[in-house]
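Both of the next two complexes hold chain A, though its partner changes from chain B to chain C.
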Partner chain A sequence: MFRNTREGLALALPAAIFSTLLFLVPVAILLSEAFRGTSGGWSLQGYIDFFSTPLNRTVFLRTLKLGALVAGTAAVIGYAAAFCIVNLGPKSRGKVFGMVVLPLMISPVARTYAWIVILGRTGIVNEAITGLGLSDTPLRLLFTETAVFLGLLQLFLPLMIISLVSAMENIPRDVIPAARVLGASWIEVFFKVILPLTKEGLVIGGTLVFTGALTAYITPAILGGSKVLMLETLLYQRVNVSNDFVSASVIAMILIVMSFSANLLLKRIATARN
Partner chain B sequence: MNTSMRHLANWSILGLTLTFLIGPFLIIILAGASNTEYLAFPPEGLTLKWYLKVFTVESFRASFLLSMALAVFGTLAALLLGVPAAYALNRYDLPMAETVRTIVAAPIIVPGIIVGLALLRYMVVPTGVTVTLALFMAHTALVLPYAVRVVSSSMTNLRADMEEAAVLLGCSRLQAFTKVVLPNIRGGVLAAFILGFVTSFNQVPVSLFLSGPGVRTLPIDMLAYMEITFDPSVAALSALLAFMSLAIVFTAERLLGFSRYV
Partner chain C sequence: MKSTLSILALASFFGSAAHAADKTLTISVYSFAQDEYREALYDPFEAICGCKLVVETGNSVERMAKIEANAADPVIDMAVISTQDALALARKDLIQPLDSAKLSNFDKLYDSAKDPIGDNMAVGYTFYASSIVYRSDLVDISSWGDLLGEEMAGQVALPNITTTQGPLTLMMLGKSEGIEGDLSPVISEIGAHSDDIVTFFSRSSELVQLMNQQEVIAAPVGRFAWGSFKDAGLPFAWAEPEEGQAGGMNVMVMTKGNGNEELAYQFMDYWLSTEVQTKIGEMLIDSPANKEVELSAEAAENLTYGADVIESLNIMPAAEVLDKREGWVEQWNAEVIQ
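Showing the complex of A and B:
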């Protein structure tokens, strides 16, 4: 450890100043915009107006709902997948884990576009439906909440699996067989042994997936369009279509508050563990 | 349940999960090779024409170059700021170390779309900075947290007394850094570069508002293109981008065990 503080600051401050000027200051000004009353001074009118519009309320609730649904579904699939991965031999475990992580490195536009191919009018699902004679005309599958849900789930499921795998690796090896020998059913094993021991991983994965879904732009833009708006796409519309910067500022505040609280939660878990 | 049954159950769950995660890419590769004029799956016949068309679309060429330049130079700039910061945070007892860490990490927490809008409104519009320069700075700030984090973690394993020994043996502080520290954290710096490159290249929300006439990053350009055209070329381009990311990650894994750092 070197003692010369001035030298240390000279090395660390450029990065901090850069981030402050480019991130904190502009974002802070943007957030303050909704609090600025029409006659100068401060007011909450921007927030009241925002939430008194039915469309905005719908979009707000839909975003929360989809975020929770995606996180919940990811948890169910994640537990099953993580349990299987942990039970693999060391060689195939690395390979399967790699295949789970890989999609995270690929452009989300590419990952989302695949769903257009699957759910589009001439996509694989509609070809199957009309081919089997279940319907004469192709169904509208794109621009529905289901499409957005599937897209978000595919995008963020890896984060849940990764968190749960590392949580499950820390369960002592003999605990589950011991519970089984002592007569616990698999359901009891899950709720009384696995769940309590992996709670932390579940919370971490859950927050990552939830905030990811909340702040995703591409998926609702491509798969939801203007029919299924979420907060991010609503913000884009408010700015580009109606030039409404007060609404944009309100939405920005909602997104930041949620993503900040999620991060605080994660930090507390991390420090509690140390 | 006997062992082989459990084996079967295990692999069917994994098979389904992996199909859900990876299957869409296989579909995209084939959809991009469809010989129809519109997006169709399964394709009626195969052709490479859409894969070739991608390279002839003028706007794709321009936006690909812009995205590449942003990813390379933005990440380099982030390393230029981030490596000294990571070094200082590890080696010095700084009074506001925690504050500096939080500030530098902030870009990860703030949703990108807000950053893009804020920069457009309060930097580009009032000061007349070009959109390209704003994009470059935004991408630099975006990659900075990863640079600091990855380089920091590769520095924690490096003992400070090696450097002190170098100084005692006659090196200047700068020489001690370039001859002792840098070679030892090279892997971390490279990993940070790759992670930063991929993050910047795939980034959409930050760049959403930061686009002007002729200035668009590749993902934004793809979004715009798919609104007006419905031919398989976006599928082909998506498949090519997926291959590019895979190639980068595989090479990095082979060369330096990339996953250790991430």
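Showing the complex of A and C:
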């Protein structure tokens, strides 16, 4: 494409310098704090301290659990939605796909506050529950793991659907009918045809949703508060309340490792199915 | 090209010469009500001193971190912070003792504001009461202990232990149960009622929102936030519990070795003057620490005002908060948040 490698390098240089100076170097400096001991040398003490605290362990496991639940649920709903979308006519497909993308154009803060209206004591859900006589008093729905789960799912589900629609569009049109004609049930079609052929989309969508759920701040902060702390809200507390940058760097490092691990794990699972 | 460079060089020279002639005072303050402070304090002071005020804002942690990071060559000349944060800075040798002789308004202050953290390291400029704001149509509050009562279960929010209001709430809950001194039993008690508490908030603005959405019907809050409730349209009331109100004070400190002490004293003295404290009080920004201030009935109603009120406040010594906070946070994380 280029007459020589210099041209290619010259074109990539501004972006490389920008990324290195303004992203990689500051992040490396920040994360190196996570390996600093009290005497100034390198140490893993920050990690030992982090995992030796029961609260931190609870927050770590809760973050992992909610991230996995959100990614798993998004995959289930996402496959169903994506399958419907790719089987629609061109006009309807555009409209429905637009509706899927639309929430991504609305601020996460606004989307999260909508859940307060829905889940609050005087919200739609509680009015329905008390109106139907299912409970005499409004239920506590806000500041629970359920609220955070719903908020995160709504926030990141479009990313999964987009990834899966993109992957399903690449499945040859006659593969699924062929499998059906040859006697495969819909469950067999899904596990033996659709899933193997859309694994790349699932890996991309799963990684985006899982890492998004791990690193989201606004949604857990608003819907969970200090009663449902997640790693990101804990990190914020460490910086803004305790001024504890070492502990915050440790949490940041853990989040990065969790994100990369999730991506590698999903790739491994996808490969294993082959 | 040469002429352009010459003009730029000349402009730069005159610019820097003019800058050197200017007096500049850098202050570090809380973020709230900055437009009002600009009108009541900053602009009039700049006109009087012929100097420029550089105002840095942020939360206490950020502002203290900046003072510490620039200890060798202070960027901030004076700061306003809580008594416990002031004591933390004093223990790190980051602030210097104040010479009361350089503050002409010093004698006008309430006695408790004159040397609140000892060694003349700080001077109080505002008091705040802390009590319980509640929905008077739904509940009646007569004691701090009501917050953990059965009637209020699932409808109460408490301040997080890491906030200024957190330890004050512990102290008053302790008083309601006859616990003085060691507050760890109070934390255990809150932990036992953790499921009954809607959330543990970090900012009064969060609470305003929760109470307006009717998620919470009672919670402890500083009087400085009362204005956000009284005009909200719902029947909110300010409790006068039998154990009394808690209280606190924010103070002025001078960073060590800033080289701008004269101007900083002039600014502090101006802020403590009867004229400015009255103006700030009437604008409902801060309650006065100057006992000569006379406020209108409306302002007095909204602020922590008057010798009787101030002397009756249950104020927790800064040293106690600072010495015990780490242990409280550890116990809180284990028994309450967990």
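What we mean here is this: the second predicted complex is superposed on the first by the 236 of 274 C-alpha atoms of A that agree within 3 Å, B and C clash if a C-alpha of one lies under 4 Å from a C-alpha of the other, contacts with A are read in each partner's own complex, and residues count from 1 in each chain.
As a convention for this text, a contact is a pair of C-beta atoms (placed from the backbone, for glycine too) under 8 Å apart; a residue touches a chain by one contact, two chains touch by 3 or more.
Model, not experiment: these values are computed from the prediction.
Q: Applying the touch criterion given at the start, work out whether A:215 contacts chain B, chain C, both or neither, answering first, second, both or neither.
A: A:215: touches chain B, not chain C.
Q: Once the two complexes are aligned on chain A, which partner has more residues of chain A within touching range, chain B or chain C?
A: B
Q: Classify the contacts of A:146 with the two partner chains as first (chain B alone), second (chain C alone), both, or neither.
A: Neither chain B nor chain C is touched by A:146.
Q: In the overlaid three-chain picture, which partner chain does A:116 touch, first (chain B) or second (chain C), both, or neither?
A: both
Q: Is A:108 touching anything from chain B or chain C once the two structures are fitted on A? First, second, both or neither.
A: First partner only.
Q: Which holds for A:9: it touches chain B only (first), chain C only (second), both, or neither?
A: Only chain B is touched by A:9; chain C is not.
Q: Which partner does A:226 reach: the first (chain B), the second (chain C), both, or neither?
A: second
Q: Do any residues of chain A touch both chain B and chain C, and if so, which are they?
A: 116, 120, 122, 239
Q: Looking at the complex, which residues from chain A come into contact with chain B?
A: Those in contact with chain B are residues 1-5, 7-9, 11-16, 18-20, 22-27, 29-30, 77, 80-81, 84-85, 87-88, 96, 98-103, 105-111, 113-118, 120, 122-124, 127, 154, 157-158, 161, 215, 217-218, 221-222, 232, 235-236, 239, 245, 248, 252, 255-256, 259-260, 263.
Q: In the complex of these two chains, what residues of chain A are touching chain C?
A: Of all residues in chain A, those touching chain C are 53-55, 58, 116, 120-122, 137, 140, 142-143, 225-227, 229, 237, 239-243.
Q: Could you please specify the touching residues of chain B with respect to chain A in the complex?
A: Contact set of chain B toward chain A: 10-11, 13-14, 17-18, 20-22, 24-25, 27-28, 31, 38-42, 81-82, 84-85, 87-89, 91-95, 97, 99-100, 103-104, 106-107, 109-115, 117-119, 121-123, 137-138, 140-141, 144, 148, 160, 198, 201-202, 204-205, 208-209, 219, 222-223, 226, 234-235, 238-239, 241-242, 245-246, 248-249, 259.
Q: Can you check the complex and tell me which residues of chain C touch chain A?
A: 59, 61-62, 64-65, 154, 160, 162, 194, 197-202, 206, 213-215, 333-334, 337-338
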